[in-house]
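There are two complexes below, and they share chain A, which is joined by chain B in the first and by chain C in the second.
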Partner chain A sequence: MLPTKRNAKHNSVREVEGSFPIHFHYTAGISTEKFFLGLKEKKILGNTCATCNFTYLPPKIFCEDCFAELGNDTYKEVPQTGILESYTEIYYDFRGDKLETPYFLALIKVDETDTMFYHKLIDTENPKIGMKVSAIWNDDRKGSIHDLNGFKGI
Partner chain B sequence: MKGKKVGMVSVGLTKFMRRAKETPKELAYYSAKMALDNAGITRKDVDGVIIGSAPDAFDGVHQKHEYLTDGSGGFNLPTMRGYVGGGTGVFSPIQGWYSVASGMNDVVLITTEEKMSTIQPSAQAGFLTIFDNMIERNLGPNLVWIFALEMKRYMEKHGIPKEHIASVSVKNKGNALDHPSAMLGQKLTIEQVMNSEVLADPVHLLDISPVADGAVSFVMMSEDKIKEFGIPLDQVAWVDGVGWNVDTTIWTNRDLYYPKYVEKAAKQAYNMAGQKDHSPETLRKWLSFAEPYDPFNYKELHHLEGLQLFGKGEAPRAAFEGVTARDSDFPVTPSGGLLGVGNPIAAAAGMKAAEVYLQLTGQAGKRQIPKDVTRGLAQAWGDLMQVGTVLVMKGGQVQ
Partner chain C sequence: MQLTGESMEKVAIIGVGVEGFRPEIRDLSYKEMVYQAAVKAYSDADINPREEVDTFISCEEDFSMGTSITDEYAPDQLGAAQRTVHTITGDGIQGIVAAYMQIKTGMFDVAVVEAQSRSSDIKTHNQIQHLAFDPLYARQFDAIYHSAGALEKRMYTSEFGVSEEAIANVVIKNHENALRNPNAAYGMRLKEFDVLEAEMVASPLRDTEISSSVDGSIVVVLANEKVVKEKDSNPVWIKGINYATNSPNFDTREWKKAKYAELSAKKAYQMAGIKNPHDEIDVFEVDDTYAFKELQHLEGLGLFEYGKAAEALMNGEFSNKGSTPVNVSGGVLGMGNAHDANGLQRISEIVEQLRGHAGRRQVKGAKTGLAFSWRGVPTTAGAVAILSKE
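Moving on, here comes the complex of A and B:
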C-alpha cells in the first residue's frame, strides 16, 4: 500500500495503491447448469411456466410472476432463430479502452421464447431491427455462453 | 398522505469533482455538516441517520454503510443504508420520509455519497460487477452498451431524430452553468453534441453525464419538530407523495422503449398526494417543474414519458422546441442535471431531490425558475435498469 506514481508530480501522498485480491468460484445453479450442458450439445434450452404461458431463456427454477417452481419437466429446446430487437456498435471495451475493431452487441427475441437474449451480432452487413437472425456455434464447446459465437442476420 | 406530515428543512451539497482530495467519508461529512448548519441544528438534535451510496465496487470499500456511518453523523444512532443503484439518491429521502412518517424518528439526517475516481482505470470497469456472472459478464457488458441498446430501441419505436435527443444535453449542460456544485456546465450547440465521439452507436460522448465525486445531504423533520425549532415555513418543503417500483431483474426482458417501472412509481406518488388525474396536461399544471433522472440525454425524455408528463414518444419534440427550458411553462432539470452538474451516482440523484427543495424554497439563486413554483418532482432510476424512485414535494405554505 504505497503512494501512487501520480503523487510524485505534486510531492503529496494524496493517493495510495490498493486492490481487493479475491477470486470467486460462482455456482452456476440448477437451471443455468442445464442451460450450459445444453449449449455443449448445440441445444438452446429454455423453460416454460404453464400457468403464465411464459418461456424463459435462459431458464429459471421459478417463475418470477406467479412464483411457481419450474421443475425438470418444464425445460425444452427452443429454436436457434429469432428476431433482432436492438443492437449497438461498440467502440470501447468494458473497461473504457478503445477497441481496434468495433463490433456489434444485440438483443434477440429467440423464437418461441418471451424474454430477450443478449449476445453478439456477427457477420451481418446491414443490421436492422426486426430482421431474422440465426445462432452461430463455436466448434470448441466447453459449456459456457461462448459455445455460441453469436447470432447472424439471415 | 399517510402517516405524520414530514418536511425537508435543509440541504447540503459539496462541489462535484473529477477527483476529490477527500475520502468518501470526508465528502459525506462536509455535506452532512452543511445540511445541519443550514437547518440551524446540531448532530445532537438528530435521532436517525440514513445513508445512500451505490455499488461498493467504486470506492473499493466493502460494507460502505459501516464505512460511511461516522461521516454521515451516525455515531450512536439508528443508522441504515438503502441501496437501489442509481435510484438511491431519490430513495434516501423517501426512507427519510417513512422513518419520520411512521413516528419512529422526529429528525433525520440523510446523506447520499459517491466517489467514482477511486476505481482504476475507469468507473466503467466497476459496472461489470453488477451484471449476472454466468452469462452477461462473460460478454463483457458495460452500461454505455446496454443504454445504447435501449436508446436505439426508443428511437426506432417512435422514429425520434437524434437532434431532438441532443437538445437535452444542450439545455442541461447550459443550466448547469448556474449551479455552484457543477462540474461540467457548458454552452453547447446541437451540432457539437451530434458530432462528438461515438462510444457505442447511437451514444456519443456528449450524450452522457460525467462521472464524479460528491455528496449531498438533507435534514427532514416531523411537523411538530419544525414548529419546536421555529423553522420558518418558507424554508420547508413538505413531502407530498413518494413511490418506487422494481421491474423484472432480467433487464433484457422488457420492451426497452418505455419505462413501466417509472410509470408505476409515479402513479403511486401521485395517488398518495391525492392527484388521481394522470393526464400529461393536468400533471404539468399540478407540478410546477420536474427533475427526472438524466444520466444520458435520452433518459430524461424516456423518464418524462414514464412519469406521464408527456405522452409516449412526445417528450423529444417538446424538449427540442424549448417546452422544457428553465424559463418555459414546464421547466425540466433546472439544476443542470447529471449531464451538467455531474454524476456521482447516489449523490447525483440526491442533487435532483435537493434541487426540488431549493426551487420550492426560493434558494436556487441564478437557477431560480422565474415563474411561481408550488410543487416539484425528483425521479431517479437504477439497479440494472429496472428501478424507478419518485419524490414529490410542495412548498411550505402550500395546502
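Moving on, here comes the complex of A and C:
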C-alpha cells in the first residue's frame, strides 16, 4: 500500500526536518556502452555465451552461468521482434503520485535471446501474454534506453 | 562448502523483545524504540547485555535510517557501547544466520540480533525503493516500485493458473489473524469484494494485496548450550538455517518461481534432517509482502507443487486450526511491513508458538516451525530458519 503521509498538524519539537541529497553519474561500462551505441543506430545488440548457448540482452562482459568472459566477437544484432511475457499498467509514478495517463511496462523475450527485456509496451489495445511485439524507435536517439519508445503488439 | 548442524554446540534463541508494530511510532526516537525491544529481550533471556553478551549484530540500511554509515549509531541502545558489534545491510534472518555462525565458531557464547523499521520517518519512502532499481535500465522508466511485483504476479498467476480469489483470501486470512496478535498493526475483517474491488497500483497488483509499512523493532538473544543450561531460559533451538539470492537482474532472474526460497530451503532442510517439510513442520511464517508471495513462497519451500498452494488455502488448511498453519501472526500483511525487520517478525512468532505463548492464535502442539523472509522488490533474496522446541 502507498505510504500514508503524516498529519501536517503536529507538535513541531517532535521531529526535525532533514534530507539526504545524493547525486551520481553511473558508469555504463563496456557492454552497456556498446548496447546504447547500438540503440542509437536502431540496432538491438545482445551477446552469446557459446559454451552455454545462451544469448543475453542487454549484453554482458561475462556469462552469469559459466562465468566466462564474453569478448568483442560475442556481440550480435538480434531481431526487433519478440514475445510479450508479462506486462503491468502503471497507475503511480516512482514518487507515489497518481498518474494522469497510466502506461504499460513489460517483459519481452526478444527473438533469438534467452533473457527478459524490460521496456514499455505501447499502442497495444488488448495485451496478452504470448502475443508478438515489435520494437518502435524514437526519432531523436541519443544512445540511451529511451532510444526505443517501446514495443507494440503486432 | 556445506553448513551442517553437526559440529560443536547447539544454538538456541533464548530471548525475544518486540516494540510495535504500529503505523507510526512518533513518541520514541529510533534509539528509544530499539531500547524498549532490547530491555524486553534481555529480560526474557535473563541476560545482562553489559556483561553477558559477546557479540551484537544490527540489520539496517543507511537510506532507510536517513544517516550514512548508520551502523555507527547501532550500539548504545542495545547495551553494546564499547563492545563487539557489526551490521548487516539485510534482513533480520540474515542477522540470525550470522549470530548462529559466530556462536558455532566457539568464540562467542551469547549473540544479539536487532532489526528495526522507521518507515514513518521517511517522507519519500517510494523513492528509496525506486533507488534500489538498476540505474541504467529499470530505474529509467520512473514507475512505482511495485511494478516489479506486478510483473512477477502476472507471470506467476498465468503460468500456474492461480486465481485472484485465492490471492484475495490470503489478504483476508492474514488481516483476520492479525486481530489475535497484539503486536500486529493491521488487524481487520475483509470480504473478497473489499480486496478485489480495491484500486490497482500496478495491474494486476491491487492496493489491498500490498502490505503497508509499520514502525517497530525486534531484538533476539541467541546462546549456546552451556548458557542455556546455566540460565533459567526457555530455549527454542535452531535446527536449520540458510539464505540465497537468485539473479539480481531483471533480464536473467527467474520470474515465475521463488528460486531463492527453493535454494535456501533445500540447504536448511538438509541441515535440520527434514525430508518432508509439509508433514514434519507444524507452523509456518512465510513472507507475504505481496499476497501472492505467500502462495509462491510456500511452493518454493517445497510444501506444494507450483500452483497448488491456492487449493490448500481455499480448503482452510492454512488457518491456525488447519493442517498447515501459515502466518497465524498476520504475516507481513497483518503485522505490517517492517522491511528489514520482517524476518525477525517471522522468527518472533515461531518462538511464541513453540513456547506455547501465542495466546488466542496458538497452534496446538506446535513443536517445529519455519520462518521465511524475502527482502522485497527488486531483490531476489530470501532467508529461512527452522526452529524446534527439542
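Assume the second predicted complex is superposed on the first by the 143 of 154 C-alpha atoms of A that agree within 3 Å, B and C clash if a C-alpha of one lies under 4 Å from a C-alpha of the other, contacts with A are read in each partner's own complex, and residues count from 1 in each chain.
The rule is short, and it goes like this: a contact is a pair of C-beta atoms (placed from the backbone, for glycine too) under 8 Å apart; a residue touches a chain by one contact, two chains touch by 3 or more.
Keep in mind that what you see is a predicted model, and the values were worked out from it rather than measured.
If you put the two complexes together on chain A, you find that chain B and chain C bump into each other. When the two complexes are overlaid on their common chain A, residue A:28 makes contact with chain B and with chain C alike. Applying the stated contact rule after C-alpha superposition, one finds that A:85 touches each of chain B and chain C.
When the shared chain is aligned, chain B and chain C each come close enough to touch A:64. Once chain A of one complex is fitted onto chain A of the other, the partner contacts of A:137 are absent, as it touches neither chain B nor chain C. When both complexes are aligned on chain A by C-alpha atoms, chain A residues 14, 18, 20, 24, 26, 28, 32, 56, 58, 64, 85-96, 105-107, 115-120, 129, 144-146 touch chain B in the first and chain C in the second.
Residues of chain C touching chain A in their complex: 23-24, 26-27, 63, 66, 68, 119-122, 124-127, 130, 135-138, 140-147, 150-152, 154-155, 158, 199-205, 207-208, 210-213, 247, 249-253, 255. Contact residues of chain A toward chain C in the complex are 1-4, 6, 10, 14-15, 18, 20, 24, 26, 28, 32, 56-58, 64, 85-96, 105-107, 115-120, 129, 144-146. Those residues of chain B lying in contact with chain A across their complex are 21, 60, 62, 121-122, 124-125, 127-128, 133-136, 138-142, 144-145, 148-150, 152-153, 156, 197-203, 248-250, 252-253, 256. On the chain A side of its complex with chain B, the touching residues are 14, 18-20, 24, 26, 28-29, 32, 36, 56, 58, 64, 85-97, 105-107, 114-120, 129, 144-146.
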